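In the two complexes that follow, chain A is the common piece, with chain B as its partner first and chain C second.
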Partner chain A sequence: MADMTRERIGGLLARQGILIAFVAFMIVFALANPRFIAVDNILGVVRSTAILGVIALGVTFVVIGGNLDLSVGSMMSFSTIVVLDLHDKIGPALAIPAMFALTLGLGAFIGFLVGYLKLNSLIVTLGMLSAIHGLTLTWSGGKNMDIADKEGTWFSVFGQGSVLGLPVPILIFALLAVVLSLLLSRTPFGRKVYAVGGNGTAAVFSGIPRARVVFLTYLVSSGCVAVAGLLQASRSLGSQNTVGQGLELEVLAAVILGGASLLGGSGTVFKTVIGVLILGFIQNGLLLMGLAFYVQYVVTWVIIVLAVWLDVAAKRGRLLSPIA
Partner chain B sequence: MTDVTPDKIVSPVKEDTPVALQRRKLIAQGAIWAFIVVELIFFSVAGEYLSVSDKAFMDFENMLLLLKQSAPIGIIALGMTIIMINGNIDLSVGATYALAAIVLLDSMTWPWMQALGDSAIPLAWGLALLTGMALGAINGLLVWKTGVDAFIVTLGSMLGFRGLVFMYNGEQPTSHLNWTLVDFAEARFLGLHTATWFLLGVALLLWLLMTRTVHGRNAYAIGNNREAAVNAGIRVGPHMMINFMIIGFLAALSAVVFYSESGSVNPNDGMLFELWAITAVVLGGTKLTGGYGSVVATLGGVIAIQLLRKGLGHIGADTQTVNLVIGLILIAVLFLDRQLNRKGKQELRT
Partner chain C sequence: MTDDVRDPRPVLRLEGIVKTFPGVRALDGVALSVLAGEVHALMGENGAGKSTLMKVLGGLHQPDEGTIYIAERPVKMTSPMHAKAEGVVFIHQELSLADELTVAENIFLGALPRKSLGRVDWARLYGDTDRILSRLNVGFDAKTRVGDLSIANQQMVEIARALTVDPRAVIFDEPTASLTDAEKVVLFEVIADLQARGVGVIYISHRMEEIFRITDRITVLRDGQYRGTLNTAETNEEEVTQLMIGRSLDLSRNASHHELGEIALEVRGLSCGKLFHDVDFHVRRGEVLGFYGLVGAGRTEIAETLFGLREPSAGEILLNGESVRIASPQDAIARGISLVPEDRKGQGLVLGMNCRDNMTLPQVGALRSGPFVSGGAEVEIFDKYHKKLDIRTPGWRQTVGNLSGGNQQKIVIGKWLSMHPEVLIVDEPTRGIDVGSKSEIHNLIRDLAAQGYAVIVISSEMPEVLHVSDRIVAMFSGQVMRTFTSEEVTEDSLIQAISGIEPGRAA
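== the complex of A and B ==
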């Protein structure tokens, strides 16, 4: 009997563990400081995580497809710098599509290498992390990029504007999450992404064009990076070359926290959003409790390891690994 | 559930004959040294026309300095090689490096340590190295006991260890300059710098470990096929744990060598070291999927990267070009490696 209960609790923890943890955190933080659940605080947190969140949405596709993308941080620096530079040269109306085209071009290149040439995604995107960083520095000449006329441009609307009291970055994040969630769960393409990530060989044998599907996941990812770059550029109207540095691993942390397996084939857009929000609210909650920003690193570490451990443990039916 | 890369092949791979394997190994090991020779020739010739300084690139002093400068990443990359041969990966080495550096410098300012005078130095070194080993042991134990993939465990501890670094001294740099230490770090024996000796010493010891001991042989076996290793009665967990402790120790050793001379550490130091180390290891031909690789070839990879940095600087290219070139070379190596290996294997993706 006791075993049954334990198993049931284990199963529940494994399936909905991330949601339970999320709710538990919110309650603890709210009790510690009532300001935590104030509307403006919650909006503030979501707004500040929107950039990371948008990228995480795209990386979710890549991870479900069974690959990794370590180049997203470096790519976001690139799109931010490019759109800021072109803003003054050809105007915002042309700069935005040009930046999207260039960023999607980079994504297509990675997708070609990983999808069609079947190269290992970790090393390809590691190489692209470095290469795109070089590209960004070459574009900017190593200098910070700033918009000359910061007051007189409508470009700032994406990062700073608000509609019906809701900040635009949140709206964009939410809209993108809904669209991509539908794309992943309601279309043939979405099902093919799961199939390719779950068992690539079986997918090929059932006639799924594996290379094209992988290629497209990288296009989705780079498209999301372009949106994030736009939000970042528009919010600050000026940027360093390294604005996205280190973001790739934070994004992966959020995606893994959401329960996507690095082996591919599992995960959802909704869960990734939860993962992103957890990271954001933990950071905010700890700050409101008067703790320094770096305490969140340690807390995030514990949470990631615990979350994945519980997930793995529930699947094998025992807590500790059977490895001798 | 155990492989590092999600892209691991599902279908069984035809094994090579020993002779073919031996030949491939020779080609793979030779390739990185051939690349180094090409770099040397290219930069020497190009330097004649493009260099801003009139000093030759192949200057002996310049080359010795190059070895010294490749030591910090190099020592870590050597450790990363045995982790990757073992079929794991360690993303937390940069944070381990920073934490060990802080322990090294801060411990020398403790009153009872200062009372010891210069004999506090070996104690401070020991503390820093112990810190590194302890952090490595945490990683190893988690990978072993939880069964969570090393990529995820060390991604988490990369954040966690970095948090510990910040908690130690906030956002302030930690500084302590000990002149005896500086003298030691700047000393030269038989022309080579102290850091170079450490790099070469570590390479030699790890080479012996991986080619001449049971632990090394088992590490290859585990990386090659973990199931088979388990069935053969190899205790997989302890071997992985030892390797994680070794890389923790080496990350700390790298910090000890570097910060003995510089005497000041920022909480952000060591960031992205893991990526540079992995790049050097992959350039050396070690496989991400485990079971294949060489410590000596990694040393070649480390030198090749440093040569590229220095060489591009020598012919007047900006730092940004270095990143671009290294990234593209990494991808090219991956592509060539696959083309070379294709003949013998049905389908290989690493």
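== the complex of A and C ==
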């Protein structure tokens, strides 16, 4: 009898562990520091996670399609630098579409390698992480990039503006989440992404062009990176070459935390949003506790490991098992 | 264990086993008792609870109620290791061997004999292994790389592994699925040897002929319930089938009585590298064309070529008299060729997806209202084939991976029927499917022909191919040996043809 209860608690923990841990965490932090659940703090967290969130939305497509994208952090640095540089050269109205085209071009290149040439996505995107960083430094000559006239440009509206009292980054994140959620859950393309990630061979045997679907997931991912780069550039109006460094791991943590399986075929945009928020609140809570910000690098890793462990535990119904 | 192999005490006894999963009562008070020196068949349709029962016995599932007795001692099986320690060993249908290691390393994996400083005692390892192998009378030695062995010999390695622990009970799960007749004989000798040593053998198989050849008793499950235990010598196929499915099974020959239509598909001189060459055949509307041959004879490869998965190196494909080039599955589907592939789980289904989504997968792009997939249109298609094919599932939301093999196969068939194909190719329609669903699928194939579909059935089971086909193409080593009509075909002539023996020359 006691065994059965233990098994049940184990199963519950395995299935809902992240949510339970999150609620417990929120309660503890709210008790320790009431500021944690103040409206302005909550809004602040959502706002600061918007960039991470936008990228995570795109990576969700790649992960459900059964692949990884580790190049997104480096790619965001690229789009940020490019749009800032072009802002002063050709004006913001042209700089933005030019940056989008270049970033989508990078995504298309990765999508071609992983989708059509069927190269391992871990290797391809890890390599691209480094290659795009080199590209960014080449573009900028290694210097920080700044907009000359920071007061006089409308470009700051994306990162700093607000509509009806809500910051624009939050609105863009929310809008994109809704659009991409519909794309993934309601359209034929979305269904094909699940099929390709769930069982690529069966997808091919059902007449689904696997290569094209994988290619398109990387296009979605890089499109989101371009939006994130725009938000980042517009918020700071100046940037280092390494602004997106390390973001790929945080994004991955958020996506996995949301419950997308690294094996592909499962996950949703909504769950990823939850994952992003959980990650944001945990990082914010740690800051409020007075811990240095670099503690979160370690915490991010702990969260990834925890999330992956709970994911496999949920699949086998126990926390520990002698077989995989 | 005493010397008397006819020990009447069971080596293994399961009593009142109940196991429920959310929404399903998978086992409902199941009993099973295996005597020392007995071969005990466990039979039942897929989904009847055989695998769940074996997982309970193997410590992978904990029963909600009921007791397992090993040598009349109640035991709580907590893990596969525990089961092994109790002398209960499984020979699985799916092999779990490391291809790159030698036979000996595989057999003693995790228990390699050691010398000082943790060094492996190779001499003892190979010596021990060869001793076990000699008992099995196999044609390979301890140092052979497992990846170089045939499937049958790999199975022997699994059995050899089981013999290292001096088992009380050995469970064979569909052991002959991929064995030739000669290999089966060897397997049955091994089983007889185990029997003579007083080991209790549980033998799980759908193949009646084997059950009646080697088992002493038969326990039948249906829908998670115990239906009874019969003495093999005192029963017959009909009675067992009745118990399993509640009705009897028809496997008579079954040529079409309706008029055949035009030629739907014709193939002339089709070749694909070394896989098959110079293949000619045609299939008419309303006709079932069977392809029979050994595994590797090139049948599946022909199907894959017709479905646009392989590029032919020569030859011509004519659809409705018109020469066509099929470059991709999308091409094939657009031209009305559908393929129910041989590997249901690997190629036919996305197991994590629900029934409806699997069924509509090839046409999901067309089922739109505005930019979105029309859920209503999808459910309509699902409902239609759910009813038509009598698919047993609680509803379209059910994950396909949770269905039994027969119902999974019906989902795949429904998927392609909903595309209204001109030519339906079915590769191994009933592989790993229980008898009840088997006859349903056979009837379904006959029905489809009667409705005017041109159907190609590829099968490795002779009774099946004889039962459903109007004509049979016999293949050997990538070539068509002969095409039989259902009137002229005999089992002997078919076997000769697929063995590469030319007609007339054989005795």
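Rule of thumb we're sticking to: the second predicted complex is superposed on the first by the 293 of 324 C-alpha atoms of A that agree within 3 Å, B and C clash if a C-alpha of one lies under 4 Å from a C-alpha of the other, contacts with A are read in each partner's own complex, and residues count from 1 in each chain.
The rule is short, and it goes like this: a contact is a pair of C-beta atoms (placed from the backbone, for glycine too) under 8 Å apart; a residue touches a chain by one contact, two chains touch by 3 or more.
Here the structure is a predicted model, which is why all the values come from computation and not from measurement.
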I'd like to know which partner A:L119 touches here: chain B for first, chain C for second, both or neither. first
With the two complexes superposed on chain A, say which partner A:N284 touches: chain B (first), chain C (second), both, or neither. neither
Pick one for A:N199: touches chain B only (first), chain C only (second), both, or neither. both
Who does A:S266 touch here: chain B (first), chain C (second), both, or neither? second
State whether chain B or chain C is in contact with more residues of chain A in the superposed arrangement. B
Which holds for A:S239: it touches chain B only (first), chain C only (second), both, or neither? neither
So, A:G66: does it touch chain B (first), chain C (second), both, or neither? first
What is the shared patch of chain A, the residues that chain B and chain C both contact? 199, 201, 322-323
Chain A-touching residues of chain C, taken from the complex the two chains share: 62, 79-81, 307, 309, 328-330, 332-333, 339, 341, 346-353, 357, 361-362, 364-365, 367-368, 371-373, 415
State the interface residues of chain B toward chain A in the complex, per the touch definition above. 1, 3-7, 10-11, 91, 142, 144-149, 151-153, 155-167, 170, 230, 235-237, 271-272, 275, 278-279, 282, 288, 318-331, 334-335, 338, 349-350
So in the complex, the part of chain A that touches chain B is made up of which residues? 63, 66-68, 70, 113, 117-124, 126-138, 142, 197, 199-201, 245-246, 249, 252-253, 256, 262-264, 292, 294-302, 304-305, 308-309, 312-313, 316, 320-324
Spell out the residues on chain A that touch chain C in their complex, using ranges where they run on. 3, 7, 182, 186-188, 191-192, 194-195, 198-199, 201-209, 265-266, 322-323
